[in-house]
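These are the structures, in structure tokens.
Across the two complexes that follow, chain A remains constant while its partner is chain B and subsequently chain C.
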Partner chain A sequence: MKFRIQSNIFSEGINNVSRALSTKTPMPILKSIKIDLNEEGIYLTASDSTITIKQFMPTFIDNKQTIFIEELGSAAVPGRLLLEVLRKANDDYIEINMYEDKYIKINFKNSDFTLNCLDVMEYPNIDLIDSNEPIEFDSVKFEQIIKQTVISVSTHESRPILTGVNIKSNENKLYCISTDSYRLSEKIVELETPIPNINIVIPGKSLLDLEKLLLTNRGKLQIHIASNIVSFKIKNITFQSRLLDGNFPETSRLIPKEFGLQLVFNRIELIDVVDRVSLLSKEGANNIINLDIYDEKTIISLDSPEIGKVVEDITPLSQEGSLMRIGFNSKYFLDALKVLNEEKVTIKFTGEVRPFIIRTNDEFVTQLILPVRIE
Partner chain B sequence: MKNLYLFTGENKFEIDKKINRMIDEANVTDLSLVKYDAEEITVDEILNDCETLPFLSDQKIVIVNNPLFLASEKSKIQHNIDRFIEYINNPNQSTVLIINAYHVKLDKKKKINKLLLAKCESINYDNITELEAKAIIENRMKQLNINIKFDAVNELINRTECDSLKLYSELEKLSFYSEDKNEINIEDIKLLICEPVENNIFSLTNYFIERKIDKSIHVYHKLLRNNNEPIVFSSILGKNFHNLYLIKQYQKKFFTEFQLKNIFKIHPYQLKKLFQIAQRTKEEDIIKNIHAISEYDINVKSGRVDKYLGFELLILNM
Partner chain C sequence: MKNNLNMKKKGRIIFHIDMNAFFISCELISKPSLINKAIAISGNNAKFNKGVIVTASYEAREYGVKAAMPVFQARKLCPHLLIIPSNMNLYRECSQKFKNFLKEYTSLIEIASIDEAYLDVTELCKNIHPLALAKEIQQKLLNIYQLPTSIGIAANKFLAKMASDMKKPLGITVLRNKELKEKLWPLKINEMYGIGKKTAPKLIDNDILTIGDIVKNPEKAKKILGNQFNHFYLNALGYGNNIVDPNKNDSYQSIGNSTTFQELITTETVAYKKLKELTQIVVSRLIKHSYLIKTISIQIKYADYKSHTKSYTLNYHTQDISIIYNNVIDLFDELWNKNLIRLLGVNTSNIIEKRDNIEQLNLFTYENQVNNENIIKLMNDINRKFGENTIKRGYKLKK
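== the complex of A and B ==
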């Protein structure tokens, strides 16, 4: 294998697939990126056995040749090292040359790197799935879905099914739900065309990686679903993830329909207040804030016996309903507020020991938090 | 159902069975059942969870395993005991908190434990006695229609050390093994059930005192093959001889085995054996052994003697 390529194109590709590189793995070969070179261009593959990213880089982009092939072939190159080398590359073009089937030479300007490689034949054969009826999305829209639901994904491995986001369809609506049994995020998306029935749970970690990938690659996103695999295609990149096994709990009856108290706040102002108040919270210990809701203003306070006390009040833009005192985890509240986009947020309460929800004008997003008991 | 439960005792089998039955009875979903290891998660986090409402059900069960902070020894992580006390005094009505203090010796002097014992529904499951173990074995064998020899029963009890969890699982294994048989003898037991390591070390003590040098060496090599360190044996031996010495002193004052049960916090089966050994051993011999073991310990730790060679010499010099 021997070729010359524009260094910015190559490093962008390596950077994209490197998100799937394994750090800890029983299979050392998965620390490598597989490079396949044929006449049409280069295929890059990286995988950590949960997610796999594959990218295609064509020889010609807009009739301009970017890859100059001398000899076809494949190689498995140490991923992290290659990425580091390319980041520091200071030339427009780099040349990659494999010899004796176990060394790879990277040349640019005056540098000459030789990296030891593993045998490319050891690289597992990863099938990329394709379905006939992919769901199509605008990538920015899907990025929003991830951002607004992934916050509630559980980090505890004791209930594996909750470490993912549930995506299910009903006629032409797509429900995306995540919960860690203390809070819940739900986003409903209306689709233009009805899609076949799906009900899958995608690991939260995979979605976070996908989100990062979508930040730099925007466009039309295709979602292909197979029995235990989901595959996202955007431009020349395929991002494939394993699905979680099991039944996601039925959560629809958890979201209250009637509310005794509704408050509207300026979102940024509320974030600032809660952020300040939670300064006195201790990580993992006491981060319960209290909300005392009076007629004209709401008092947000936190009392941490070992550290101290803080009280701050905020005036809601509008208020409707009876007064109340409620306590909950400030971290969950902040997470939820931060991922909403609008200027105003509405907080709807049903009772002191009932879950409450946070909504904006965009009625398709619901963030729900379970309160804690306060004296 | 109450809001607070405290489980104590050594009988893991019965404790687990009871807890599982409680979970079944409460009919909670997976989402409302949380298990914490108090050596990994702080009380603060556990209590935050207890204070939170149940998710999708009326009640929520929180199980705290390994509450070493209730024992006299030091816990690995810093717990906010004051908040725990506060919670115990005023538990959340929608949460069932189960403290599983299996194998944890509660420090009765601590304020928290006095409170727990007063406020919790406390359930204690002690290890089964030899007699109970015998009854369990005979019952099970009767169900299976299998004849079990008297010496086989004893060997089975020996090898499972009156531990009901072990006993039940070994009985399960025996029932599979004897599907097309109608008799179990001591050979079957020896074939199927492995000797517990501690018991081996125990028999090492036994042979040691009886001056059965060839057997001691045999057991010693067997132990080495299990990747054990001789320094471990010497410390266990030392502990046993120490207990032996104490038992000897009590025997002089005509204490019975039953009375000693409350003084020594060791396995009743182990105590029984030690008691027998103490009866037929001279006090000077016990002291001599204790000195020899401590000598060995010093020599190994100061590098004067090889740990393997030293231990063999220790056996030979008994």
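== the complex of A and C ==
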């Protein structure tokens, strides 16, 4: 295998697939990026066995040649190292040359790297799935779905199914839900065209990786679903993830519909206040803040016997219902406030020891938080 | 003029009081006929011959009877050995008497374990010589409570602990900082407080044979002790912690229980049953002290005496037996390598008091817990109106 390629294109591709590289793995070959070169262009593959990313880079882009092929072939190149070398490359073109089936030479300007490679034949064969009826999304819209739900994904393995986001369809609506039992995020998406029934749970970690990939690759996103795999296709990139096995709990019943108290705040102002008050929360401990809701103002406070206390008040834009006091984890609250977009937020309470929800004008997004028991 | 600040700061006088063969001493109180006999306490109440030795009297120790030894082996070494089943309640009761007695002298007491305590007697010794005070405490404990002790006197806790170990039973040892070279440094490395069974052989392999070798060969010792090195190095030089913390009183870092089996465990079913018993003991102690825990760990010791542990930290505090037991079983399933099991242990840590726990409500279960919602609402309303802590629950008041 021998070719010359525009360095920014190659580097971007390697950077994209490197998100799937394994760091800890029983299969050392998965620390490599697989490069396959044929007449049409280069295929890059990386996988950690939960997710796989594959990217195709064509020889010609808009009739302009970007890859100059001297000899076809395949190689499994140490992924991290290749990525680092390319990041530091200081030439417009780089040349890749494989020899003796176990060394890869990377040349640019005055640099000459030789990296030891594993046998490409050891690289596992990873099938990419294709469905006849993919769901189509604008990638930016899907980025939002991830951002607004992934915060409530559980990081604890005690109930593995909760470490993912549940995506299910009902008529022409898509429900995206996550919960770690202490908070819940729900985003409903209206679809223009009806889709077949789906009900899957995508690992939260995979979605975080996908989110990063979508940040630099925007456009039309296709979602292909098979029995235990989901595949996202954007441009020439395929991002495939295993799905979580099991039944996601039914949560629709758990989101309250009637509220005894509703407060409207300026979202940024509220974030600022909570951020300041949370300064006194102890690392790793429950960062419990109290909301004392009076007629004219709301007092937000944190009392940590070992550190000290802080009190700050904030005036809601409007308020309706009976006054109360409630305590909850400030991290949950901040996470929820920060992923919303609108200027105003409405906090809707049902009771001192019952869940409350955070909403904006965008009624399709619900953030729910369970309080702590305070007296 | 030179202002020597260090001269002003006077050193502290710390006692370490260690009860000699404590469990045996407790038994002898009610069974005086056994005094001066070779006796041992066995861990297994049900079958004397199958348990292991928990501790042995000095007379029995002369025959080579040691803790953790199977009973049958101990009997071989010492055929006239008397075996008494252990009675933890009695020992706890005696330990409490011991603590209460010490509290008459000073409130600066740190309870280190069931049978030892540190005392800061700096103030007391303004009126009485430390040796005289130690003698008095030792005599009274022996005469009134029949509890023999050995006492170490030094400038910090580590040295006091090392000193109390130097003369047993009924010893009083003063370890002065200027005597470290002669008295402390020649001691074998495995006698250094804090150096465990696993670390000692590694140090010995690297020619760190005595406590003094840590000082003489710091580079080598550092390699083995890692980030703990400083702690041991400073202790060996006499710069130990001299703060006696009464708040450590009775508060536990961890609560656990383990059992050694004479008949090695081969099957999952038996192991589960034993783990359940151990969990029940641990949880009953948590409930008794109103403690909640967050970290659960188990220990398995195999026939070759190699010990393995594994732990799991929940994201909340609990004392719920089913949650704890399920995690114990999960840990066991992950840890067990199917070899024969000699010992099983269940341990819990990351302890807080129940009244300090903030209960995070759970989406899937909160509806079962809303029963006293009205009480909470009422209490919050009263406190908001009339000031904090106008009303609170009875269990939040300190005894």
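The rule we apply is simple: the second predicted complex is superposed on the first by the 374 of 375 C-alpha atoms of A that agree within 3 Å, B and C clash if a C-alpha of one lies under 4 Å from a C-alpha of the other, contacts with A are read in each partner's own complex, and residues count from 1 in each chain.
In the analysis below, contacts are C-beta pairs under 8 Å (C-beta built on N, C-alpha and C of every residue); 3 or more make two chains touch, one makes a residue touch a chain.
Bear in mind that the values here come from a model prediction, so they are computed numbers and not experimental data.
Applying the stated clash criterion after superposition on chain A shows that chain B and chain C collide. In the overlay built on the shared chain, the residue A:329 is in contact with chain B and with chain C.
In the superposition on chain A, A:351 makes contact with chain C only, while chain B stays out of contact range. Of the two partner chains placed by superposition, A:59 touches none, neither chain B nor chain C. In the superposition on chain A, A:373 contacts both chain B and chain C.
Within the superposed arrangement, the part of chain C that overlaps chain B, taken from 146-154, 236-244 or 290-298, is 290-298. Shared contact residues of chain A with chain B and chain C: 158, 179, 181-182, 249, 251, 254, 286, 288, 329, 353-355, 370-373, 375. Residues 158-159, 162, 179, 181-182, 249, 251, 253-254, 282, 284-288, 305, 329, 353-355, 370-373, 375 of chain A touch chain B in their complex. For chain B in complex with chain A, the residues that touch the partner chain are 29-32, 34-35, 42, 44-45, 48-49, 51-53, 55-56, 80, 82-83, 90, 92, 94.
Within the complex formed with chain A, the chain C residues making contact are 314-315, 358-364, 366, 369-370, 373, 376-377, 379-380, 383-384, 392-393.
On chain A, the positions that touch chain C within their shared complex are 156, 158, 179, 181-184, 249, 251, 254, 286, 288, 292, 324-325, 327, 329, 351-355, 368, 370-375.
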